[in-house]
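Below, chain A partners chain B and then partners chain C, in two separate complexes.
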Partner chain A sequence: MKIAVCVKHAVDEAELKIDPAGNPLLAGAAGKMSTFDKNAVEEGLRLKAAHQGAVVVFTVGGAESKKTLKEALAMGADRGVMVVSDPTALDALRTATMLAAAMKKSGPFDVVICSEGASDTYTGEVPPMVGELLGVPYVGYARKIAVEGKTARIERSLEDSVESVEAPVPFATSVVSEINEPRYPTLIQIMQASKKPIEELSGEELAPAGSRTWVEVLSMSSQPTARKHVMIDGSPDEAAAKLLDALSKEGVLK
Partner chain B sequence: MSIFTPEHRKLIQMFHPAKHQEYSDVLSSLSSFMDKEILPVSPKLDSGEESIVLPRKALFTQGMGLVPFPSEYGGLGLPFSVYAMAVELLGTADASMALSVEIHNAVAEGVLRFGSESQRARHLGPMISGRKLASFALTEPASGSDAGNMATTAEKRAGEYVINGSKMFITNAGEADLYLVFAKTSKGPSCFLLESPNPGLKFGAELKKLGMRGSKTHEVIFSDCRVPEENLVGEEGKGADYAKEILHGARIVVAALNVGIAQLAYGKALAYARQRRAFGRAIADFQLIREKVADTKIGINAGRLLYLYASKIKESGGDYSSEASQAKVYATEMSLKACDDAIQIHGGYGYTTDDIHRHWRDARLLTIGEGTSEVLRMLISRRELARAA
Partner chain C sequence: MSGEVWVYSESEAVASEVATAADDVAKGASAHVRMVDISSLRPTTRGSGARLLLKGPPSPEVSPAVAAEALARAARELAPLAILLGATRDGREAASRLAAKLGVGCMAEVAGLASDGQGMTGERDVFAGKVVAKVRCRFPAVATVKVGAYPRAVAQPADAQEKDVGPIPDQTKTLGREKKQAGSVDLRSAKVIVSAGRGVKKKEDLAILAELATAMRGALGCSRPLSSDLGWLPEEHHIGLTGVTVKPDLYLAVGISGQLQHVAGMKDSKIVASINTDKDAPIFQASDYGIVGDLYQVVPALRRALAARR
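Showing the complex of A and B:
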């Protein structure tokens, strides 16, 4: 089974600083593999363990993105494909176009796995676009994937229900974090990862001539959150009643 | 915030410009594991609700024991300074785990440096991968750094040594598969590898400690404990020299461990000082609190640079005995003060909250263990006077 996994070198939200005006300081911000992409890599590795084959990891971005590819290789992926492109001149469609073109070049693949969304921008747009551009069925928000022969059985985690569907192989999917527990690469695997091949492709050459970005980010700001600091007084019985009332009104207790 | 901070990354870049990315990847990966798997259980290791055994095993599986050892034995062959920084990170995640691992690795270094090829082939791989846990048995009820005065004896009889006596305050005792035991033969202090179980190897009750409660500490008792002749490490009569050499390296690592403890206590104190209010403002706005913040930060950075400096001398093959001791004396005393200040900044909550005062209790051991500050100041001054002569 040939498995493609898409990963993103995302902004490390834990290290992100916000300026006094509430703007995230993205220039020079630390990066890391997008949190949910680890689930995508893990699922790829599990499918490989069950069906043999190879896991190829794809990313689009600048030089820093190689760190994320190396992390995926350390987890156990066989090789990486880095589509080099200015990360500030990408939108979802352009990213998906480059990923799909790179996969056509290295493929064909039986399964294409993305995560439900990037941990920094979380638009969730790239996975279905990749499926569409590759011309394969797309099944989003997978929490369980089982492949038997030419059929995949997938459980989709929806907002208030779980949907079981079948898809023919090849297919593309996005996974949710509950699908698995990503492994930690051991130090030996990290050292060995530097010896695994990473192919570099030019994003500009992969994207069709004349293609462009369609979405322009005008601004990005943090959403301020505030605590209410409600003080409750009275006797223990009165305070308990008031607390219950307040929690019910907030929707915490139903 | 990860345990492996941008400051650590910057230092690795300065100390290892050619390979900083590779070393940072290793430390960053270890840190991710420690953040998620060790740090959260640390309070439970202190309270005794959870055992150190499984998380320590998982840590070894990640490769913590492999870092400084040569690839021919399955190690990663990374510089000692990278290993020392890994122990600093572990000291932040859980001090008693760091102590247990540091002592285990010190024994492995002893086997690597002074053991025979067959001893290395037999024990080193299983040790550094964590399949065999090791313990360092030098201190006795009536002797510590004055190893020459040890009372434990090893008598040579027909192809084996018979060890009698006891060792005190031994970390990993009772759990270890392998003990590096120091005992006097007719030629003086000598060093032996003792495999457990052994009918002559017994343990006293677990010692109740002020801190470092996650790690096990027992008296180790040898009663006609027989070890094969081939388990003698190096040459008879040279055990005290080997112990000294092993401890020089271990002192660098203990310094790193204490920087790790201080880092965690400092982080908690800083966060509390920013949110705790008094007289209408955050206590971090008061000068006397700011003095503690500044002094602790200076101490952590200085301690870190001292252990990295000593590590670099060790890596280059120079005499690092004084620098290792300087790093240990400074970092352990600094860490104790940092943890004390963290309690002070937390006020009554610091005195009554396990998760604050445990750092002071942990730090308190290491101005004593592996060479007291007093003995090490003697060593440093003796070495510096000799260098000046």
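Showing the complex of A and C:
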């Protein structure tokens, strides 16, 4: 089974600094593998363990993205494909266009796995777009994937229901974080990962003529909800009574 | 261009919210709103505009794949300026596929929609809600509208134009659908939410929080580790970036450290109160009232104090 997994080198939202005027300091901000992408890599590795084959990880982004690719290789992926492109000019459709073109070059793949959304921008648009552009069936928000022969059974986790869907192989999917517990690479695996092959491709060459950044970001600002930050002290009973008094005054206690 | 803004959602309730957003876009673009139904006309869909029924897909069960293809076929012919869907999970899938089919941009989970005539703008949360980004996409464009961000449009009955888009085979087969074990109260509509985090030591101890929630006439929520990692509560109780987004009058966070991903799901609550043993827990930065203390002492104290008041 040939398995493609998409990962993103995302801005580490916890580390992101905001200047006093509310502007996020994105230049030089710390990055990390998008939180939920670890579940996507893990699911790829589990499918490989069950069906043999290979896991190829794909990413689109600047030079920094290689760190995330190496992390996926350390987890156990076999090789990486790095599509080099200016990360500030990537919207979902442009990213998906490059990923799909890169997959066509080194495919075809039986299964394409993404996570439900990137932990920094969380549009969740790239996975269905990749499926669409590859022309394969797409079943997103998977919390369970079982492949038998040429058929996959997938449990989709929706807002208030779980849907069981049958899809033919090849197919593309996105996984929710409940699907598995991602493994941590060992030190030896991390060292071995540096020997695994990473192919570099130019995003501009992969994207067809006329392709552009469709959705532009006009501005970004941080205006956290103003909170009162009142700390209540005293014994548990005193604190409880004071809190209820305060909540009554706010009119939020029914 | 026909100067139309289309509205579609697989959920009728969400469609009527999206209709309100579409009014704002249509106003700026001097366009008209058209509510779209696929397969069968839903009599109760509330919208302010004209209606369009896309016929062709066989069943009343419209998967995101079929919805995307039906909308794409109709859009290629009728060329609307914008197509707005609801940012439900199915809606996000359908919108993304639709945008890829049409080769146009798709703004994800936006609120505050407007149009300058040439395109539309919207606002969306990024970096786990730490930052709001203003985004713009030139017409023609697709967008998903944040659920719960707009009031529902009032009903305005209108005649439906019908359009045959031809049969659309679905490559996947839905085998079944099971309702998640819904909590006794829907978190999205709850006025009071008591939410449990890792400070709760074992599953059985959730009972004292459930009892507190009941005593406060509220619902029980949790942070991601409790539903995803520990499996102590069903996923639909998970409040956060990848879970439910809530805005109750009172959000009481108990034993929750306050990671950004959690705060992203509750930051629009009117009042936030929190209980945590760690005085440096980030949840206190997102709170109006904080108690540094052991939940195993403070929660029973709250129960007693509540009982004494009633």
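Definition applied: the second predicted complex is superposed on the first by the 223 of 254 C-alpha atoms of A that agree within 3 Å, B and C clash if a C-alpha of one lies under 4 Å from a C-alpha of the other, contacts with A are read in each partner's own complex, and residues count from 1 in each chain.
Quick note on the criterion: contacts are C-beta pairs under 8 Å (C-beta built on N, C-alpha and C of every residue); 3 or more make two chains touch, one makes a residue touch a chain.
No experiment lies behind these values; they were computed from the predicted model shown.
In the superposed pair of complexes, A:209 makes contact with neither chain B nor chain C. With both structures placed on the common chain, the touch criterion links A:190 to chain B but leaves chain C unconnected. Once the two complexes are overlaid on the shared chain, A:163 sits against chain C while remaining clear of chain B. Touch criterion met: A:228 reaches chain C, while chain B stays clear of it.
Once the two complexes are laid over each other on the shared chain, residue contacts for A:15 go to chain B alone; chain C is not touched. Shared-chain residue A:74: touches chain B; no touch with chain C.
In the superposed model, A:246 makes contact with chain C only, not with chain B.
Between chain B and chain C, it is C that contacts the larger number of residues in chain A.
When the two complexes are superposed on chain A, the residues of chain A that touch both chain B and chain C are 14.
Residues 14-15, 30, 67, 70-71, 74, 184-188, 190-191, 194 of chain A touch chain B in their complex.
Interface residues of chain C facing chain A in the complex, by the touch rule stated above, are 64-65, 68, 88-90, 92-93, 95-97, 99-101, 103-109, 121, 125-128, 130-138, 141, 171-180, 182, 191-192, 216-218, 224, 227-229, 235-236, 241-242, 244, 249-250, 259-261, 267-268, 270-273, 284-294, 297-298, 300-302, 304-306, 309. Listed in rising order, the residues of chain A touching chain C in the complex are 11, 13-14, 16, 18, 24, 35-36, 91-93, 96, 116-117, 119-129, 131-133, 137-141, 143, 153, 156-168, 171, 176-178, 181, 214-225, 227-233, 236-237, 239-241, 243-244, 246-247, 250-254. Residues of chain B touching chain A in their complex: 1-2, 6, 22, 25-26, 29-30, 32-33, 61-64, 66-67, 76.
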